[in-house]
Structures are given as structure tokens and as C-alpha cells.
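To keep things simple, chains are lettered A, B and C as they appear, and every chain counts its residues starting from 1.
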């Protein structure tokens, strides 16, 4: 009944689920894992404060993907950060402009910003014009974002989500507009551009920790803990595999091929 | 208050349940050889393709609604671009429906307008790249210097002239890509994969509802 | 600014000067080719030899997972690979899982000599299939249940070429012409993992370092790297085209970028040294 060659993968999946369920149970009792400081997330509040002082807007974009793409988790991570940014802009009375690339993301982003303003105690300050749907087309959207950055003279540029070839365009445009930049993506071919140009960078998986770090959500904290345990298991397997391979014992390789 | 069947269907729990059912079925199909399950999932995947096709239509309608709203409100500095967009969209669709996508006019419009403008915009990246290279790739620290050196080696490796600059560039670049880059990428891929599994488990358990809006 | 020395000015050069230099460096080799050497990489050679060794009647799928923007790099790759495939007694299926794919595939097909090959018998364009990874998974399982008509509107059941092409087990080689790393990863998951399909990633240069781990693990059969990969393939097939034509521009623009990095750092370090000395 089980497909051969995939039994090891099934075993690994079961282990990860069991570990997550255990940590989730612990989190529900208040025992949550601690996570390290992430300069990128901490810098967001400073960046929004800068925008307030300068009287210029904060620009945010959750990337180019929607919810029907393999990279949709990055969009969800970006929207989590948007909720935090919306809360801060409401609190500090900074102007927020958020641009999305997909029509399906727009209503979710609107609700997210509304939620942020509600959490900050200023729901009346929310304006629908804060959210702009520019284009589904990659470079049309990028061109729209660059236009907003230059025309509005932004003070802060926050980009967290899935970015592709337009990442350097946006980062460089933000620099030329004189903005402080916080950027993060899990798209590894674009991280180099953000690291080089942005002031603060969230690298890869760090963007997925947004919900856990910014809102201390126990479900997401438990998820981070489970990821760490799974990674330690993977590291152990790699180390054991190297040793067994050097000794000429193919046990682990054969086990993983099951 | 009378609860109608429509209001029951609109409840988030229904959407979460359907997501969980579909997700578990597809995962089970990957690991199990059960003919009825395998057939059901094959059909499910085809339904997904049909839904995605309809989403394209819905996306177009959604886009027209948004731009029609901009035109109606005459949003300053924006409404005339929306008029142009809707006009071009109507022309593209009309020509493609009359001639087919493979027709000469459709192809001309696609190649001369869309491909030309997309490629042009992508090529602006080259200019931003050069200004970023000059300004941002600086030896500010040990790590930045390492980044700089490796970036230069990889750039030269990816150009035909790299071997002419120094004969060791291709071999050194290949080692950098094959060893440290592969090692780091593999760690990254494994980490992302584990994260995707956790996110999937959260989604199937109904604990992650960001996609519902 | 007043009082700035030469090094500081050099470090803050107007980017428009760099843009002008880039334009010059790109235009000159296109107008008057320099003819710089193009070494052939092992991966390109492996791709070429794989096509050369395919038995007659083998099915090769070319998936256009690219866009108009990336066609500058993927276009030369697609054209030279299709030219090579059309010279061989192979069956060629063109498909697109990104919206621009079928139109660009059709554009590539129009540029190549067909020889004796007939549409519907020896090659076909199946058009666009929406759905991302779901569509790719369904394509690997059963093409006939997924696609009813080709790009030109012909029912695929009436096309002789499709009689023997039912699912991924029938593919001898699968090319993906793409700018997306995620597209290659989807094929690794949905075609190579279940069906052991040989996937050739014809990807833009930027994406190659991210695909190399899959290549080293044997999950991706081979890689064609951007327009340079196209140039190498053109030389191997003795059909020089756009790739070779652009290779000089690629070389000279790379040298310019490297020069910018070097000059920028020389200015940066000179200013840093000067400030240190002033503090003493």
C-alpha cells in the first residue's frame, strides 16, 4: 500500500508533526520557545518613527506573489508584517502607502491594515486609499512602486515577501528616494541584492518568523520550535551519514532510500 | 435568526474543512498506492487547474472593476492610465478572439508592445545594477570584503571573458558554486522545506487562516 | 560639494555617467562584434550530448515557463535548442505553465526551420495550462485528461503525435526555459521525484547558483545558463545566433561592472585612510 521510495519521507513527516503537536501542547500551557533578536523586525519601529519625524510616508509591499503560488507563504509573512507596520503607523500617525501586485491579495491586505489600525485604537484613521493594487504584471507593478517612491518622497521602504527580478529595482529606487529600507525575502536569488542595498535585511526563513516575533503568537512560536528540532534532527542525520559513509556502512543511505 | 444553507457555506469553518480535506488527500496520495484515492486526487488536481483558469477570468474582472472605479472617481494622476489600460485590454482580447492567439495581429501586438516593453523594463535592471555595484559593494567589513571578492569571481565566471582575465577563474568560480554555495543552499532548502511542512500542518489543522482574508 | 577631494568625488560619482558608460559598452560589440572566445561548460556539453544520443521517436517536452521580460535570455536558449531538436528524428511537445509561455513558444517555433517535420505529427504546441504546481503535477500524470485542445484549437486526440504521449513516463527529456527557480523546483518535485524524468533547466544566469544543488544531487539532469549557455549551445550545434552575438556585450559589460566595483572600493578605502590620518 505504501509507495516504495517514499516511506522514509513519510516517517520524517510524521516525526515533524509529532514534535509540532508536542510543542503546540506546551505552548498552550504557556511554555513557549524563546527566539533571538532580529534586527530587521526591531528596525521597523525605528523606521516608522523616522517617517513620522520627517512627515513623509511609509511605503510597504508584500511582494509579487498571491495566494495561489508556491511562494504564497512569503506573501502571508509579508501581510503579517503589514499588520505590524499598520499598527505602528496608526500609533505614530505616519502615512502608510501599501502596494500589492495581485487583485486577490488586495482585500486581504485591506483587512490586515484595518485590523492593525483597530489594534492601535485608531480605526477611524484607516483610509481605503492606503492600499493600492498596481498590476499583476511584474515590471508594471515594479514601475508603479518606483513611481510611488519618487513621487511621494517616502522616508521608509519596507519590503517583505516574495520578490523576483524587480527586487534590485525597488531597493535601488528606495535608496535614491532617500528612504531607510527594511527588506526581506526567502527567494535566495534575490537576497544578495537586499543584503547589499537595504539598511536592514531579513534573510530567508526569518520572514516566516514574523508572526511569532512581532505578535508572540504561541502557535507560531511552537512552529519555530518544531522547525528547530527538525533541523537538529537533519543535522544529526547528515553528521551520522558522513561518519557511516566514511566507514563504508550504507545503513543510513539505504534507510533513507526506503 | 433563521440560518440558511448559504450562510452555513459562507462560514470560515467550511473553507478550513475543505482545505484540510483536499490537503490531506493530496499528501496521502503521495505516500499511498490506493487506486480509489489516486484516482480521486488525479481528478482533484484537474479541478485545481479548472479553478485556476477561472481565477484568471475572475482576476481580469476584478482588475476591470478596480480600474473602472478609478475612472469613475477620476482619481487625480491616475484615471487616464486606467482608461488606457482598459482600452488596450479590450483591443487585445477582441483581436485575439477574432484571429486567435496565433493570428498575425495578435502576435504583432504581443511581440511589439508587450514583449518589447517588458524586456525594456527588465533591462533597466542593468543600469540599477551598475549604480548599486559602484555604490554598495564596498569593503566595509571582513564579510563585506568576502562578498565583494566572491561577487567579482562569480561575475567573471559567468562571462566568456572570465577565462581570458585569469585562467583560474572558471575553476575557482565552479568550486565556489559547487562547494560553499551548494552547502549553504542545501541548508537553506532543508530549512525552507521544514518551514513549509510546519506551515502546511498549521493550515491543515485550521490554525493558519491568513489565506482566507 | 565645496572642500571635497578627488577621492570623495570619485566615490560619489553621478550614476548617469555609469549609465552612459554601460550603454556604450553594450552598443559597440553589438554593432562591431569583437569575437571574444566562449569556453564550453560541462553542463552545456552534457545537454547537447543527451539530445544527440536520443533514440529516434523520443519525446522531448519544451516548457516555456518564462515571460516577455526574461525572453532576452531564455529566447536564444529556446531557439537554439528547438533548432537542434528539429534536426533530429524526435517528437517535440511545446507547452507553457506561465501565461506568456505559449505565445513565446510560438514565437520561437516561427523562427526555426521545420525541415520535414509536420505540425501535429512531429511537433505540437499544447498552449497554456493554468494552475502552477497543480497543473504540472496533473500534466505529469495524464496529459489527455488535462488538455483537450492545443494552442491552435485542434483536439489533441486527433493529433498523431499525442497518441504516444500520455504522461511523464513517455518523456525522454524535459526542457524548462524559465527565469523562475521555483519552476525548476516544481519539476523536481512533480516530474523527477515520481517519474525520474530528466529535467534540463534552461534558466537565466541569475538563477544558476540556486539550481546547482539540485544538479549536484542528480535531481536536475543539466543546466543551460542564460544567454551564455545559449551561446555555448550555438557553438556546439554550429548554429551561431543571438547568444553568440550577445556574448561580447556580456563580457564587456561584466568587465565594466567589475571595474566599477574596483574603482568604487579604491575611492572608499582612500577616503577611509585619509579620515584616519586626519583623526591622528
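Note that a residue touches a chain if its C-beta (ideal position, glycine included) is under 8 Å from a C-beta of that chain, and two chains touch if they have at least 3 such contacts.
Everything quoted here is computed from the prediction, not taken from an experiment.
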Can you pull out the chain pair that has more C-beta pairs in contact than any other?
B-C
Mind having a look at which chain is the central one, using mean CA positions?
B
Please compute the C-alpha centroid of chain A, do the same for chain C, then give the distance between them in whole Å.
28
Starting from the mean Cα coordinates of chain A and chain B, work out the distance between those two points in Å.
15
Where in chain A do residues touch at least two different other chains?
68, 138-139, 165, 188
Scan chain C for residues touching two or more other chains and write them down.
67, 69-70, 132, 209-210
Per-residue multi-chain contacts in chain B, two or more chains:
52, 55, 118, 121-122, 129, 131, 135, 137, 151, 185
What does chain B use to touch chain A in their complex?
27, 30-34, 52, 55, 59, 62-63, 66, 118, 121-122, 124-125, 128-129, 131-132, 135-137, 147, 151, 185, 188, 190-192, 194-199, 201-202, 207-208, 210-211, 213
Would you tell me which residues of chain A are touching chain C in their complex?
68-71, 138-139, 164-165, 187-189
Residue numbers of chain A touching chain B in their complex, please.
1-3, 6-7, 9-10, 13, 16-17, 20, 67-68, 72-73, 76, 79-80, 102-104, 106-108, 111, 133, 136-140, 142-143, 165, 168-169, 171-173, 175, 186, 188, 192-193, 195-197, 204-205, 208, 219, 223, 226-227, 230-231, 234
Quick one: in the complex, what on chain B touches chain C?
42, 45-46, 48-49, 51-53, 55-56, 100-102, 107, 110-111, 114-119, 121-123, 126-127, 129-131, 133-135, 137-140, 148, 151-152, 154-156, 158-165, 170, 177-178, 181-182, 185-186, 189
The answer for chain C against chain A in the complex is residues 67, 69-70, 132-133, 179-182, 185-186, 206-207, 209-210
